[in-house]
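Both of the next two complexes hold subunit A, though its partner changes from subunit B to subunit C.
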Partner chain A sequence: MEDSPIGPRAGGLYRRQNFVTALGFGIVLGFIGWLVSHQLLQGSNWGSDMVVTVTMVAWVVGFNIGMGTFNAPIRWALGHDPSHEDELYAAGVGQGSSRYWKFCTDHKVVGTQYLVLVMVLFGVGGTLAMMIRTQLITPHSSFLDPQTYNAIVTIHGMCMIIATIIMVSGPFTNFVVPIMIGAKDMAFPRLNAMSFWVVVSAVPCLLSTFFLGGVNAGWTTYAPLSVQAPPAMDAFAITIITFVVSVTVAGINTIVTVITMRAKGMTMGRLPIFVWGSVIGGALGLYAMPAFLMAMTGMITDRVTGTSFFVPQVGGSAWLWENVFWIMGHPEVYVILLPPVAALLEVASTFSRKPVFGYKVLVAGMVAIASLSIMVWAHHMFTTGWAPDLAGPFMLTTELISIPTGIIFLCVIGTIWKGSIWTRLPMYFVYLFLWNFIIGGVTGIYLSDVPADQFFHGDMFVTAHFHYTLLGGAMIGATAALCYWFPKVTARMLNERIGKVAFWMIAIGIQITYFGQFWEGFQGMPRRVAYYDPIFLRANQMSTAGAYLLMLGWIVLLYAMIHSIRHGKRAPANPWYSKTLEWHVPTPVPMENFLVDPVVTSDPYTYGEPEPEEPSRPEPELVPVGTSEQSGTGGDV
Partner chain B sequence: MSFESQADDIEHDVFSGEPFFSRPGGKIFIIWLILTAVGVLIGFYAPHHLLPSLDASTGTDVFRTIVFFTVLAAPVAGFVYAVAAYSLIAWRHTGDQDEPPPDGPAVRGNGPMTVLWLVVSTLLVIVLLVWGLAVWSAQQVTHPNTLQVNVTGQQWFWTFSYPGTNIETRSLVLPLNRPVEFNVTSVDVTHGFWPVNMGNQVDANPGEVTVLRTTPNRMGHFEVRCSQLCGLYHSFMYASGSVVTPSQFSRWLRSQGASATSANQIARVSTS
Partner chain C sequence: MAITTTEHGDAHGDGAGHGDLAGSGGHHETAEQRDHKERLALWIFVGGDAVFLLLELFTWFYLRALNTGGLWRGTSCTKASPCTDGLGNPITQEIAKANPWYSVGVAALAVISALLIWAVERSSRNRDSRGVISGAAGLALLALLATVALQIYQFQVLPFTTIDGAYASTYEFFMGSTLAHLILVTFIGFGLWNRARQGRYDEGNWHRVRIIRFFAVWIAVTACVLTVVSSLFS
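So, the complex of A and B:
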């Protein structure tokens, strides 16, 4: 910390707050919440559901007080504006790596924090998946008892849903999008830090469910089973509500940033496609997530205060839960999918040395996917008996969505077409995406067809289908993004030799695991069963073998990352010779990204086009994006 | 150079004097044909070998739909795979991997190709939709002479009863080639009534009666499983059933305690 630009008292309370104080405040407030509710409710019939709810809310609030989430609003309310030095402190100036444990407003720090959190969540969710697959090696395994098994199935699902929603919009949208559009930070840096620490505070709530009886209803938590579930369900609902706050805040932040913070010359038509993917995904999240919050709030009041939104025996409706849940649940898969797909197109363009094919069609396609996806939710309910007359219309909207999804395929293969394919590691994942997502898409059309869905619903075929799309499609897109932006985020090159070993293990592991599950599904094995008929034995063993290989592949990839961070070659500013702005700032990226405000004169896909002539520029200091001598913005290799 | 003129260049390239099969388009066409043929073969072979025996009209619908959709999807998937495979064979940069290859052509789009792609995918969607709606609406027809069966799910077993008798049973018996309507409900949480070999299902919702229609068209044994996670012993919530001739059905009804008259009446067998 060579002569710090800020005084020793700058930052105020932030100086004393970090992850440890947050844990301390959270635990203390949670304990107080538990004590008070426990004492007050002794002998009442409200019982442990109320206690768990109050404790979890107190933990979340306490954690965020301890972290400093509420510092600035409270100071403003008291009439004290934070000084410029306070802001610099909050952005992490002069704090070295300890800023990663603090309420840090620098978008690059937040992005990196998200990346670590996402990997932790994938670690937890993946371990639970391995426990499920281990249980299913034999038809009547005694590895897990059915209650634990159901709890694990639920938390595997929700852990992965949370992780995949934030896997690209957390790390890469935060780290890359502001730089891509030529901004110094996000529009609301404090909300950005808040969105991260709020989701951190939700994770212990999710894991606490294992110690509160376990949620036995699957991640869809269909009522009325979930209304009768152990108190773990209250912690589960608080997790979701907290998570929705985080996603909403992050989505608004992304949208406002892109609308208001673009550099001079960065018109909407020049935005890199990843920016579009992040904005459309974020906007769709704003539509989808409130329904989840509403559903879970109703769930808590049903369980704690005796309302009956979802309990048919006392005037509620199970179908109401299913509707509200899937009004969130189907747009949500596109919230997961769109950012990674957009990142994948950046990768395809860079490594084919060609412009993104059909830029406008692609943006229109993503908007069409987002619009249609809010009208397809009841295809999850074809077999529930709800509104049979609507089966036809929902079959129509569901099948229509394959037209804009087809555009994504067209644009990926159009980008590759006649390109100079540079097969570095990120490009491998583009091909794996094409392979997997076709399989996920084709199996999706069986499920969109009502008569065929009547066979496949609730069956392992569905499980295999959505793992092919969400793991084989979205998560592979996110992995391409990880390998692509790794040098920019960590300032080290990713070891591609180890990375390619991981790639092949992951690629083959996915095929074995989920072809095994397609086989189970064709044979008629229901989802979420702890025990099964021996006729499904071979298919299950195949799936489990593939799952171990897949998990091992991810571990090898993690090893490649850690190895590269510790021993890897230092990354040049632009190792891929890419043309988007984030590659034209120095690595590591300095505070506020740009030493000189960039001025943009073209979109970043000028591959194969002649360099613009130097003298034609009106002002000498304005340099077009995409040339390699951006004076002042740092070295380019 | 404008984008249009570059696109023209590409088209010129495609339609140059070289023989068709030595041009990229021709080679991709061959790969596409092979992959499509493989896909079509999978479509005919895999469902036949993977699906359980399907013993009802709705099961036949499922089987045909899977075969038809796979055959329809094969050329689309085959095309994407063919381009991807060819790009790795022909356009891969084989030199020094530390340096980027020279830029590819500055093609930013191709209007006719995009329109063609949209038209083909729209036509495919229309075919899918017409097929699905035709099959679905045919399944919704209520036939006269339909056998009514009441199905009740509860944690964690199924109970079947036949209106007009006092029979309550844990295993389902159905007469051959007779349309049947299951009136499905639950007494506790949501279950999924899934007679697997009939190829269809409907949820058992507490407080609601949902209807499932099918016509068993093959004699033999079938499985009923629960397709909605319903708590602790969801895995063990299954039942079995069989499809029998009408006279066997009538005899079975009597063996369960139905009077001879009502058994014959329900089984629609003449008393003679």
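So, the complex of A and C:
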């Protein structure tokens, strides 16, 4: 610390705040909330629901007080602006790896924090998935009782939805996008840190549902099931409301960063395609999240104050829930999908040594998908009886969205086509994406068709379809991104030998698992059932066997990551000889990313073209802030 | 991507280094650049909030048009065929309409608050004395506090509670939404007053007040829209 550029008092309160204080404040305030509400509200009409709601809100507020989320706005209001040293402290200067447990404003730290959180969420969601598949290995398994099974299905769904929404926009948009556009950080670093810690505070609320009676209404929590559910439903709603705050803040930050902080010469036409994917995904999230907030706020007021939004017996309408929920729900699919697909295009371009094919068409396609996705929500309601006259128009808009989606798919192929392909691990996942996404996409067209949807809607065909799309498509895209940017994030090369073993297990596991579920669907097996008729046995056994293989594959990939971080080869700055800016900064990436301000003079995919004349570029030197270990990210992750 | 490089300059020594936005992460950025960034962020936030407002209106008109079981305001409930409230008790008569003047009062006070914040902005821009600026900010804060108080009071004087059907539920939801927004803008108003008192606003950074004014105007607009809808389309 002798060389630290900041004084021993810099940082103020931040110095004393970390994950432990956050837990402490959260638990204490949560307990106080429980105690007070239990004393005052327990006897009222909706006592248990009110107690759970107050407790969860108190936990979230307490956790964020303990973490320092509210320090900056309170200091602003009091007129105590942070000093430059305070800012440096908040950016993690001189704190080594402890900054990963603090409210750190460095975008690279936030990205790494998100990466760990996403893996934890996938671990939880994946474990729940394995419990579901284990239950379904025989027709009348006693592994789980039906109530527990339903609760697990619900939390598996929501845990995975939360994880997939942030799986690329959290880790990689945060870590990579500022560097890609030549910026030194996100536009609002504190909001960036806030978006992370707010979502962390939501996770215990989600997991607490298992101890509060379980949410047995499915992840869509349709009314009236949601209104009749145990108090766990209140914790579920608080989880989502908290999550909405995080995603909204993160979306605003991403868009403002890209619009206002690009380096000189980084025109919109020169933005790497991943930046476009992040911005469009973020913008779509800003449209979708208010609907999520509206739905969950209405539901929780129905439960704790007796309002009548979604309960027909008291003047509400279950169709209102379905409309508001799916106004969020379908754009949300593209909030999940667009960033990983864009990341995948970066991978395809780099390893094919070719420019991204149809750059402008791709951007237009993503904009078209985002625009159309807000006009398709009612295809989730074809079988509910709502507005049958609108089934045709919604079928049309849903089928229309397959056109820009198909264009993007063709652009991935066009990027690879006749390229000088360098088949490294990230590229394997591009191929797997193409295979999976064509299956997910084509089966989606069946479901957009009203007559076919009448047959398939309630059965496992739908489950297989959206897993092919979200796991086989989006998650595989995210995995390609992980393998691609792993050297930049961790400063180590990923062990490809172990990675390839994981790849084949994942690739084969997906096919067995979800072909099994298509088979179940064609046979007519309904979704969300704990017991089934023995005629579905073979298909279920196939699906469960595939799921175990798939899970093992992810575990092997995790092992590859941990092994590589601990024992892997040090990564050079640009191991893939890529053209985008993030590969032209040192690894580990220094504080503020660039040792010299970049000026961009050409587009990001000039593979095979001679480099333009460059003025002499000074050899990189670390900026005089901390050591590389302190200021960069990597090596001590 | 071909890049050339320029000297970075003083990365950390100028106080405009990492996280200087007041956290902006903006480096070497001017006040105008920072203002541009913050204004853009605010407009995007307002866009998202507008979606929420539209969904509130959708909920109102959807439930009103559907009038499930005659329970929008209980108009079709009779003693012979009673509808029931959220507790299973019969509703045998029409639920009274809320007095619209409270909502009008809240909206009017929100508008006055926004105008007073505008006055703070103008005073800063016109190089008025610290006393004038902080006085206007103080008045804006008082107006905001009065708005919050009136909104809370309105909850006390409503002729119905949340369990009295869809009209009552949605009406109170509108009020709750307005109250949440008002509490946020009142917190900001407190900061505005406190910082104005410390002499932090002048012709060099009046645009910081403009950002707050934009937000206050948006809050006033939402309060007006919700008032008009809940008063005219009950």
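Structure notes:
Assume the second predicted complex is superposed on the first by the 609 of 637 C-alpha atoms of A that agree within 3 Å, B and C clash if a C-alpha of one lies under 4 Å from a C-alpha of the other, contacts with A are read in each partner's own complex, and residues count from 1 in each chain.
Note that in this section a contact is a pair of C-beta atoms (placed from the backbone, for glycine too) under 8 Å apart; a residue touches a chain by one contact, two chains touch by 3 or more.
All of these numbers come straight from a predicted model, not from anything done at the bench.
When the shared chain is aligned, no partner comes close enough to touch A:Thr138: not subunit B, not subunit C. By the touch criterion defined above, A:Thr606 reaches both subunit B and subunit C.
Judged by the touch definition given at the top, the superposed model places A:Thr397 against neither subunit B nor subunit C. Within the superposed three-chain model, A:Asp459 lies in touch with subunit B and out of touch with subunit C [touch as defined at top]. Contacts of A:Ser371 after superposition: neither subunit B nor subunit C is touched.
In the superposed model, A:Tyr287 lies in contact with subunit C only, and not with subunit B.
In the superposition on chain A, A:Gln313 makes contact with both subunit B and subunit C. In the superposition on chain A, A:Val361 makes contact with subunit B only, not with subunit C. Overlap of the subunit B and subunit C contact sets on subunit A: residues 312-313, 319, 605-606. Interface residues of subunit A, counted against subunit C in their complex, comprise 5, 45, 72-73, 76-79, 81-82, 84, 87-88, 90-91, 93, 105-107, 178, 182-191, 248, 251-253, 255-256, 259-261, 264-265, 270, 272, 286-287, 289-291, 293-294, 297-298, 301, 305-309, 311-317, 319-320, 323-324, 327, 579-581, 584, 591-592, 594-606, 611-612, 614-615, 617-618, 623-625.
If you check the complex, the residues on subunit B that touch subunit A are 1, 10, 24, 46-47, 50-52, 58-59, 61-62, 65-66, 69-70, 73, 76-77, 80-81, 83-84, 87-88, 91-93, 97, 100-110, 113-114, 117-118, 121-122, 124-125, 128-129, 131-133, 135-137, 139-140, 184, 188-190, 192, 194, 196-197, 199-203, 205-208, 210-211, 223, 225-236. Contacts from subunit C toward subunit A in the complex involve residues 1-9, 11-12, 15, 17-27, 33, 36-37, 40-41, 44-45, 47-49, 51-52, 55-56, 58-59, 62-63, 66-69, 71-72, 83-87, 161-163, 165-170, 172-173, 176, 187-188, 190-191, 194-195, 197-198, 200. Taken in their complex, subunit A has these residues touching subunit B: 146-147, 150, 153, 216-218, 222-225, 228, 312-313, 318-319, 352-361, 383-385, 388, 391-392, 395-396, 399-400, 402-403, 406-407, 409-410, 413-414, 416-424, 431, 434-435, 438-439, 442, 445-446, 448-452, 454-455, 457-459, 519, 522-524, 526-533, 576-577, 605-610.
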